[in-house]
Amino acid sequence: MEKTKKISGAKLYRRYLSIHVRSVMQYKASFWMTTVGQFLTSLNMLLGVYFMFRRFGSVKGYTFSEVLLCSSIMLMEYSLGECIARGFDTFPAMVRKGGFDRVMTRPRSAVLQVLGSNIELTRVGRMTMAVIMFVYGISHSGVHWSAGRVMTVIFMLIGGTALFCGIFLIYAALCFYTLDGLEFMNILTDGAREYGKYPVNLYGKRMLQFCTFAVPYALVQYYPLTYLTGRSDNLFTMFLPLLATVFLIPCYLLWRVGLRHYQSSGS
Amino acid sequence: MIVMKNICKTYKVTRRNAGFKEAARSFFRRETETVTALDHVSFTIHDGETVGYIGPNGAGKSTTVKILSGILTPDSGECLVDGRVPWKNRIRHVAQIGVIFGQRSQLWWDVPVIDSFELLRDIYSIPPDTYRANLDEMTELLGLSEILRTPTRQLSLGQRMRCELAASLLHSPKILFLDEPTIGLDAVSKIAVREFIVKRNRAHGTTVILTTHDMQDIEAITRRIILIGKGKILLDGGLDELRRGGEDIDHTVAELYRSYEI
Amino acid sequence: MTIAGLKKNKTYQKYASFFRLRFVMGLQYRAAALAGVVTQFMWGFLEIKVFLAFEQSSPAAFPMTFGQLAAYEWLQQAFLAFFMAWMMEPEIFECITDGNVSYELCRPVDLYHMWFARSMATRLSRGLLRCFPILTVAALLPAPYRLMPPCSLSAAVWFVITMLLGLSVTVALCMIIYMLTFFTVSSLGLRLVFSCAVEFLQGAVIPLPFFPPTLQRIMERLPFASMQNVPLLIYSGSISGAAIWRAAGLQIFWLAALILIGKNIGRYAMKKTTVQGG
């Protein structure tokens, strides 16, 4: 084969996406049901928060609408991350069924192919719920919207999505070693989605430290939130979410190590 | 040209015994044992050869194929495929090979076959002319024109295997690995698959390495067989030399297995 | 032994051997069991942290003592496998939708009983494997996170009784969903709506005492409150005295009703399956 120009990763990813859209169209009923299900699960979360605030009024100085703002952004970040990185989330099945061997016999990066193997469009259900909560949150929390605050929300979405993608990548990397007992990773994914509905400082100082330096949830949640709600006017906090994307580097390195292990053990 | 020299590979596996007591015991302590998959395996395959790689289950066939296709790294030994070490330059290496796992599909399940082909074109960055020429050739030889617009999941096994063959050859690989390509196929499809592989080998000089339990496949496609048992190469020679007289191939191979006690 | 007795004994053995199999399978995946314990422990811990923050914000609005809340959360995590409606048997759904259920119908055991026993076995083995480590660690934690002992000996006995009843109610509820699956093309939608509704109504999102009084009174009478709500509140003394009898009585009522409903839907489903030939 003569030397030709490789098509770009982004373009190839779009091709994968188009395959997934066409596949989904084959199972419209199941797609809509799962989407509605996603919507309902997040509705439970909203109801839980609502009834807690109905009884207690506020928590650590946060109002209902402020918490909604926080939880909706977290939910959007998670939904985006899960939609994009679903291939990592379902990686155990891929390894078990031998699909990863196929990936290895194709001349593109394994990460790109795994990402392309599964793009979960049903997360639109959770996303819709998140947007509704977000709209309610911004209309009732009295945030004064400035260009800086709008940018902050965008940065939060970028940083948070990257962060969740990173966690899913760690999960997939661990699959190279064992498929057994990875349930604990749910703490970092589902747990963060569930408990990230409240600002991290609610869980105490140590949790805040953990979420700042170990797995940087606070960078995409608590710190920018203080800026959004006017608790802090430190411009630095506005850019903190972008710093969270650095988290992807160690995740990728772990994946590389795992891949090497897979190649030597073949399990 | 493929050169394997003293390739060794071992796996660690955990042992699980039956019974309630054993299960409770292994909850706390688990025993592992080392299994030798390949034990100093060496062979050379020249360009354009057709080789049947045979042996009983667990003999090391798929480990060899995985090493040659860059999926696995061996513990020791040397392996060069057209001057490349498969696991070191994976991306450059796999662009030049085609692999078919008979039991698993490489096509996207819910979309028409042609969509899968187009995605493969993009994955392999196949130049438009090459893609066109290969697609036309294979559509004709494999009779795909009727089924290209059908979603993969609606194809019969025979139709699917024909599409799999086309899919692994779109990028004109120099080497084709076939793992049980005729498993579960009806007689007509089996013959079609075999004839196509032979034609492809003659017309393009594609090296074919075939692992199978179906000796008719071996007889129809390959000129040379390599027999592996318990991780060791036991025999490597021309198919004709093996047969003493008019015995059919199944008996010849059964006799071989018996004589090597594998 | 009479023939009937012998037959009964054989059936019992079948179920017992099934339970054993499940338990052994559970034991083999030791890493999974450990990971499950760690996850559920973290879950309980974070949940308690949330309630602690609310309690500190307005202590007067807290409907129980904090110790009682901590007990509720730890027990919920420890016995998650007993009460979570979404933990259904994927194989049962598969065999209904792909028609393999006709093989099951050929076996000399009643389908309803077999699936009931199977679900009980799965939930019991999963729950028992995971509860002890969680309970032990939770009991050793400092206040306010500590799991308190049951508030009295009778509460402990009632806790065990009502928990088994609650587990049975959970399984009976899931049985209805299995049986309804016979009438659908895909069980997905049914399962999703059911799991979400039950999770909320049983008090798994927030415990029932945290709801406004009127809503709470309605929810308490629904079958979903007979799952985890009763045993967990009895343990910590939130339900005591005559209320225990009422709650347990309601559990028995719902258990009987749900089994009756499930069996009847099942009968229709069987008729449909045999008519259609699977």
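Observations, loosely collected:
Read from first to last, the chains carry the letters A, B and C; within each, the first residue is number 1.
Throughout what follows, contacts are C-beta pairs under 8 Å (C-beta built on N, C-alpha and C of every residue); 3 or more make two chains touch, one makes a residue touch a chain.
Since we're looking at a predicted model, the values are computed, not measured.
Distances between chain centres, each the mean of the C-alpha atoms, put C farthest from chain B. Legend note: the chain whose CA centroid lies nearest the centroid of all displayed protein CA atoms is A.
A separation of 39 Å divides the Cα centre of chain A from that of chain B.
Between chain B and chain C, the centres computed from C-alpha atoms are 49 Å apart. The distance from the centre of chain A to the centre of chain C, each centre being the mean of the chain's C-alpha atoms, comes to 30 Å. Touching of two or more other chains is recorded for no residue of chain B.
Contact of a single residue of chain A with at least two other chains is seen at no position.
Looking at chain C, residues 30 sit in touch with two or more other chains.
Taken in their complex, chain A has these residues touching chain C: 29-30, 33-34, 36-37, 40-41, 43-45, 47-48, 51-52, 54-61, 178, 180-184, 186-187, 191, 194-195, 198, 202-204, 207. Taken together, the chain C residues at the contact with chain A in this complex read 29-36, 38-39, 42-43, 46, 49-50, 53-54, 56-58, 61, 63, 185-186, 188-189, 192-193, 196, 199-200, 205-206, 210-212.
Residue ranges on chain A touching chain B, taken from their complex, read 1-2, 4-7, 11-12, 15-16, 19, 22-23, 26-27, 97-99, 101-102, 104-109, 113, 260, 263-267. Within the complex, the chain B residues that touch chain A are 11-12, 63, 66, 69-73, 75, 87, 90-92, 94-97, 99, 101, 104, 106, 108-111, 115, 118-119, 122-127, 130, 151, 171-172.
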